[in-house]
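Two complexes follow with chain A in common, the first pairing it with chain B and the second with chain C.
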Partner chain A sequence: MNASLLGPELVIVGLGLALLLLDLMVPPERRRWLGCVAAATVFALCTYFIAQSGRTGEVQTAFGGMYVLDGLAVYFKALFLLAGGVVLLLAVDWTDHAGHAVTEYFVLILFALAGMMLCASAHDFATLYVSLELVTVTFYVLTSYQRDHVASLEAGVKYLILGALSSAFLVYGIALCYGAAGTMSFTELASQSPALAGSKLFQLGMLLVLGGLAFKVALFPFQVWAPDVYEGSPAPTTAFLAVGSKAAGLVLMVRLFGSVLPDLTLKWEPLLMVISGVSILYGSLCAIPQRSLKRLMGYSSIANGGLLMMGLAAASKAGSAAILFYLAGYLFTVVCAFVVASVVVQRLGTDDLTALAGLHRRSPMLAASLTLSMVSLAGVPPLAGFFGKFVLIRALVEQGASFPGWYVLIAVALAGVVISFSYYFRVIKAIYWSGETAEAPPLVLSPLVQAALVLCLAGMLALGILPSFVWEAAVAAVAGLRL
Partner chain B sequence: MRPETLAWIILLLPLASAAAITLLTRRQRRLSAALSIGAVAVGFVASLLLTRSFGALAPRDGEFLLASVRWLEVGPLTVDLGLRLDALSNLMLMMVTGVGLMIHLYSRGYMADDASYSRFFACLSLFMFSMLGIVLASNFVMMFVFWELVGVSSYLLIGFWHERASAADAAKKAFLTNRLGDFGFLLGIILVWGALGTVDFAEIQRTLESDPTALGALATLGGVLVFMGTMGKSAQFPLHVWLPDAMEGPTPVSALIHAATMVAAGVYMLARAFFLFDLPAAWPDCLSFLAGISALDIIAWIGGITALLAALMAVQQSDIKRILAYSTLSQLGFMVMAIGCAKPDAGMFHLITHAFFKALLFLGAGSVIHALHHEQNIWKMGGLAARLPVTTWTFVVGTLALCGVPPFSGFYSKDGILAAAESRPLLFGLAILVAGLTTFYMARLYFVAFAGTPRDSHVAEAHESPGVMLWPLRWLAIASILGGFWGIEHTLQTVLAPAAGHGAAGHGAAGGFFATLLAPFGHAPLAACLGLFATGFGFALAYSLYASAPAQDPLPARLGSLARWMRDKFYFDELYDVLVRVTHDAAAAVADWVDRWLVAGLLVRGTLGGVDVCGRILRLVQTGNLQTYAFLAAAGLVLVLWVMLL
Partner chain C sequence: MSPLIWLFALPLLGALGLLFVPASRTVLIRRIALVITGVVAFLALDLLSDFDAAAPGAGGYRFVQQIPWVPSLGISLHVGVDGINLGLLVMGALVAFAATCVSREIQQRTKEYYVLLLLMVGGILGTFASLDIFFLYVFHELALVPTFLMIGIWGRGEKRGYAAFQITLYLTLGALVALVGLVALYLQSGLATFDLVKLTEHLAANPIPAARQAFIFPWLMFGLGVLVSLWPFHTWAPLGYGVAPTATAMLHAGVLKKFGLYALLKVAIPLLPEGAKLWMPWLAWLCLGNILYCGWVAMRQRDLNLLIGNSSVAHVGFVFLGLASLTVIGVTGAVVVMVAHGFLAALSFALSGWLYGQTRSLDMTRMGGLLQRLPFAGSVMVMAMMAGCGLPGFGNFVGEVLVLFGGWKSPVLICGGLLDFRWFVAAAAWGALIVAAVYMLRGIRTIWHGDLAEDWKGVVDPAGGWRKMPFVLLLGALLVTGVWPRLLTDRIEPGARRVVEAVEASRPAPNLASGSPTP
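Entry: the complex of A and B
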């Protein structure tokens, strides 16, 4: 027992519970401050973890090895907390305008955040499943939070049913793995790794587990839900789904395939490559005809899931470090885009690209932020997206010497990047060059939105211009992997 | 302070000043000017200090100091950011910073009413940085980089009044013409690097001195390609067309860049890399019809032709700055010709003295233009001598120096060039003719603009310029008078022609004042006497035509169509216009077709269409129907399981 390791998660859960109680006492017009308090707490914890990340190397476990705190966990927790903090800021602004009961929304975000943090530390199939379900179940509510919007409800139902399906795969896979290995502990699985890699039954189980996790990351063949759910959900939810849920799936994949079962990873390299390549192409191609910004981001999310998967397929520490770095840049970029989407949807009532026309005159900051985040997603230096793609592809090139198939994947990734230019830049074109628009009143941004945007832009630029800090942290975080 | 440190300070201060003005002090006009002037002034003082600590005027043979930082390493190519300090570069440093300082000071007065005062000084500082970079460069790549930077700052300054279409066009023309030459220069650099494996001046020199055939059959071609850089930057025929148009820039710019320093960079480069041109003629087989013609022959003739053509054109111009511009062209041709005659020391000597008196003449012209509210046509002037006494006497000093009247500096340097050409009778005759023409058009300018009576009401109201503009004129006038006695020639001979064991080694440092004064008559009497005779003849001709202060130019009536050809610059602009239009339009039509049908049509639109169709088809998967989604997910999983396990 080393329960003190769970401190941060307990703080988040406790904060959520406290907010629920405070909600009863605080008058409705003051409830937005609860969200601000939650955001402040989350940022404070995030700072703590960023400070912690310097002390990697020591691995601490709790609950008989079911919970682990190592460099990887610390890195991802900092990432989740950062995303959660910015999303909370956005949520406060969103609830200001949505007119729903507000505190529950903050609390649900906190619970999902706690689930993600537990995912980062999961070191046992039981912890893995429970923490992942905590995230997923919370998101069922978060996606359908706008009860009076059909789109939101539809998104909730789709996410619920498909999520349940994937959970079923996951839990069935875990059962089969337990049947084959006789243990759910990652520590023991790791010691049997070479033998298990040869077992058909274990492989069947792990493929089902992979399917369950691929659902979270929105990877082929479990990608179909993403566009619909992204489009229908409230924007803060989508932002958290795109960053947090994806990262939760990825941290589990990195831990499972990088640390616990490296032999299986090497054996499955072709599968991972195919998943990654198909996801990139599917996401990029389908995004082209889209008219809705959030839906477009859904497809972009699939393509980016594929890009992240390349790092796993590379089966190297450089590849995993690249995933970590890419996620950090992706966090700032995507959250930035969804902050803009959130404001646009609320004020203009639609997120159709035509509604963005003349945004630069109504709110230069929104237009510039969306432009920069699209440019970063497209991978143009000196923004975060460029360096992220660079380290990912570099990891593949390093592998290319051993097996030329890597070059095919690199070519696919580059093709995807080129295709992605067309739709990312269509968004920019829609803002600046869509002809004369009728005089529209300027959009005034709340200080919270401005703070969120500034934070995201600063992160995007910092990771692009001075990538070494985060890159070194990412490299240190994956030092414990067995690849 | 160590000389290397001083050199870095000289180079980097103008850059710092340009950056500071652009980023911080754009609104504070006085501070911007002070920064820019301060940077040059410190540079000038530092150059003088370098002379003392390093002894540029008493150099030892072939020695130089090097302050270098490794800049880039690409495969076998290593390029240093190196500063090469020797007597040659030190002399240039003093000239560039000294003349530059005068012109910076002058600009304070000349540009005082301009709205973009700070931008002007920022550009000037950027130019100084680039020019000093060329002077100090220790290798071809670095020189090329600064070469281009000079081109950029020249572009910025010619087009300084970019709201005037003619200025913007002139800037563009200058830049593009220069690029043409630079392209050849770059090819030449690549060729030398390819053959010798190094771009460092000292290493190239060492290689070529030990083995003059190291470049093989490409020796002459390489020299000619590198010389193309000079043709562009120093405006040599046939790339001379940009310089007269560059007079659209503010007059201090014309003085600094398009008379004293930048256009001289080409000549400096020829002297710096003289070892590359001074090789026995060697052509590749496909160019064997040129056999026997060495790079220096080509350089000499290009210089001679430029000198003659430009002098002829100058005779019939009526814009005061354009007359000086063509005169600059002609003098640059002289310098290039001297180097082509294997006398780089003579060319460089003329470069330095020319910088003094041509900057003086341009600044004098600027003072006139300033006084007459931007009137530049000499036929609307006349009688300026009475209204602008200081401008007039300094202008006369500059004119006498340019015409080569002893004991003004121009006499000594021009005599060196005439002496250099003595061995080639045809070029020698041409040079004498040009010397006569020079006196003719300068005397014409003086008689029409300064002597006689005013032709326009503006002249009567003209006032002498403020002191900040007059003092640079006075100082430059002093330099123009005394430039021949400072031992510059001796220094240059020691650096550039150490082996020659010059017959007149006495003149310069060793002999007395009178020996120096009369030295040209001693060592090359024919050149000196003929040069003086040509000068006198030109003056007499101009006197007979213009001393009576005619209202119109009497020359067209006497020369007929030749005068028209001279006035219209032998129709080079029109010729190039047609040539460019024909070839350019043809190339553009082809490129347009390729771009429209192959690139945009087949490649871009084809790819786009294909991708778009793929996207639309794939999108059909996304029905929005939950059952379909669940089925797809399950089917996908089954597919994966089937592939992986069976």
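Entry: the complex of A and C
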């Protein structure tokens, strides 16, 4: 037994419980400091994991192999903690304006974060299900947190119903897999991988599991919830949902398909290709007419899920490393966009694109941040999104040498990216040269928002200009995959 | 440190530095931009004078420097020049300086404008200095967002939003298709490096199987073709240039657009010689679309900028024809046209920008007799238009003549010894020069001659040496390349010869038994 591996998760959960207790003693006007303390702790843990990423070679397990700490887990934990830290900063600023009971919002974010970290280490269907449910159930509350806000409640209900449905898929799939393989442990499943890839029952089970995970990543055909929930939820929740929940689904997919069941992955390549291609087209085409920034980001999230899925479909280490790098860039980019969306919704009362008019004069920093974020999402150098797309395309072209069908997927991805330029750049247009109304007062940003934006911008630029460090870390993290 | 790095690092650092200057200090901001582009232009000219003295390194490149960037993917910041990109760099730096000079017309949001301008200049010069395919691509893309924003914010007329999106989407599509081709080339080489020099050496000895070359080449040819407005993917260019602010049109039409041609010449043709042999006849036919069709379209234009834009697209056809000929003389001519057309396009858009600043309209039907009020701008424009129809004495003539010779000598256009298209292509290109003369002379007549309309009594010429300088600079460059073409051709020829020899030396490599026989 090696329970000490669970330390970081225990710190996060313990922090959450401690905040709940402290909430009783701290006067309401000072509760925001609890959020700051939480953010600081999360950032400290994150630096610990980044420092750890150097020694990714060794694989440690705990609880009879149900929990694993390897390069993949360390990489994703650093990612989740980084996202959690920035989201907490944003949450403090958001609750300052929303005027709700604050502490429980921070605590829920911490619990979701703990669930995501457990996902990164899940090495058994039981751990997988439990950790994923911890994330999902917490998000039911987080999405509907604005109780006096109909859109938020609607988002919560939609997420609840569809989330419950996907959980049912997941648990039924796990049951079928267990029935076929006689075990839930990934270690044992991995040893039977070639035989299981031929079993019809097991394949049916995995299909349902894939559906459950596709819900998290917002992939076709489990994508319908994303735009509504993104639009209705509070901005910090949406940011965490877009980055954390998506990455949690992806780390499980990478582990299942890359490390545990490589034979099944090779067999299912066409299925994974279709899922990613349709997601890219659906997300990109539906984003074109959107008027609301958050809703647009919802469709963009579907398209990006499809792009990420391409890396998995490539069934190669290069593809998986590309997923990891892309997600790191995506984290900074999307969180940056939602920080801006959060401020815009708070101050202007709407996230309609027309409300962005003249933003470059009211707050040059907000305007520049949103612009760079959109440019990075579109994939223009020297920002993180470009290098992410570059390594993804590289992984695909590499596969194209063996099977020309890949070029169809490449063409679909190119079409998706070109379409995505039209809506990402429409946001930029809305900021810089749409019809400006009369002189609007400048927007003053709180220090927390400024810190979050600076962090995101630095991350976007660093990953774009000096991608070497993170790329090598991603390559090292996927070295243990069996692809 | 190689002076080439300063060439693009200075504008990029300048753009960064301008962010910290208060937006209200417009004069200071403009002066900083002028000083930076002026220093860059000086550095480029200095490079030209030092070029022969510098020791050539691997692949005939001089002023070489290599800085590792992502070693595991074989990406490094590798800069160096041979005769081909030397001409483009000098042209780019001079056009950048001229474009900054004529940016006086920008009165609103000057800080944002100059930041974007310097960013664009840095991207453009970085592209032509890079010997690493990855950076070649990255620097080109760097200029995309500034182009979009500059057209959108400071562009003219109601159609600027549409034009900004059209140009961005077209350029993205072209760049992405080319990127797939570049990545396929990188993976297929098996060398795991984006270094152009190493790739060229390696692939000369171990060529890619002909079937793969035939598959990869069109990705590059059409992708880069969209970037250079190859017919029928050219529709973005005239409209985009028509509404763009003067400096953006100058930099894009004059310099940035040459990226596609340059990459075709430096990457696609020498690294994929079999693909080039197979696809170049197609390119030769398509470029006749540029030369003839776009020339024809230019004849019907009423807006001066659309006329210049269409004629610019038509001129690009000559470059394609020179490249497609795959002869030393044709390729040399193509590079000369690239340089001369850069000066010419920049000069034409600078002049039309001045005219627009005076008249707030470029509708040629409303003009006439303007030479009375604008003797300086008018005479320069008449000379530019003469250069545009290939009058001897200007750089364009030299290039176009060499291209015609190349097309006539070209082995590519003889299809299997059965049909000989050389005379047809050469005759068509010659006919295009007549078409060019028709629309240019007509343009001169309607704008400059005749009676002066009442509306234009108030227009004024560029006054003072400082305002005249950018026009004189560009016109002078055109004349220098025209009367002393060996300044360019002597330096271009070795590079062109290497490219052509790489194609001639290639023998169809046997398809590898392993791997797929067909793409």
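By definition in this document, the second predicted complex is superposed on the first by the 483 of 483 C-alpha atoms of A that agree within 3 Å, B and C clash if a C-alpha of one lies under 4 Å from a C-alpha of the other, contacts with A are read in each partner's own complex, and residues count from 1 in each chain.
FYI, a contact is a pair of C-beta atoms (placed from the backbone, for glycine too) under 8 Å apart; a residue touches a chain by one contact, two chains touch by 3 or more.
Keep in mind that what you see is a predicted model, and the values were worked out from it rather than measured.
After superposition onto chain A, partners chain B and chain C are found to clash with each other.
In the superposition on chain A, A:S4 contacts neither chain B nor chain C. Judged by the touch definition given at the top, the superposed model places A:L207 against chain B, while chain C stays out of reach. After overlaying the two complexes on the shared chain, residue contacts for A:L165 are found with chain B alone; chain C is out of touch. Of the two partner chains placed by superposition, chain B and chain C are both touched by A:S422.
Contacts of A:F220 after superposition on the shared chain: chain B is touched, whereas chain C is not. Look at A:S402: by the touch rule set out above, it reaches chain C but stays clear of chain B. Of the two partner chains placed around the shared chain by superposition, chain B is the only one that A:V157 touches, whereas chain C remains out of contact. When both structures are laid over each other on chain A, chain C collides with chain B only at 149-157; the other stretches in 23-31, 95-103 or 149-157 stay clear.
The contact surfaces that chain B and chain C form on chain A in the two complexes overlap at residues 422.
Against chain C, in their complex, chain A makes its touches with residues 360, 375, 378, 380-382, 386, 390-391, 393-394, 397-398, 400-402, 404, 410, 414, 417-418, 421-422, 425, 428-429, 432-433, 467-468, 471-472, 475. Across the complex, chain A is touched by residues 69-73, 112, 138, 141-142, 144-145, 148-149, 152-153, 161, 164-165, 168-169, 172-173, 176-177, 179-180, 183-184, 186-188, 515-516, 518-519 of chain C. Across the complex, chain A meets chain B through its residues 157-158, 161-162, 165-166, 169, 200, 203-204, 207-208, 211, 215, 220-222, 224-225, 227-228, 268, 271, 282, 285-289, 419, 422.
Here chain B touches chain A in the complex through residues 608, 611-612, 614-616, 618-619, 621-622, 624, 626, 628-630, 632-637, 639-641, 643-645, going by the rule given at the top.
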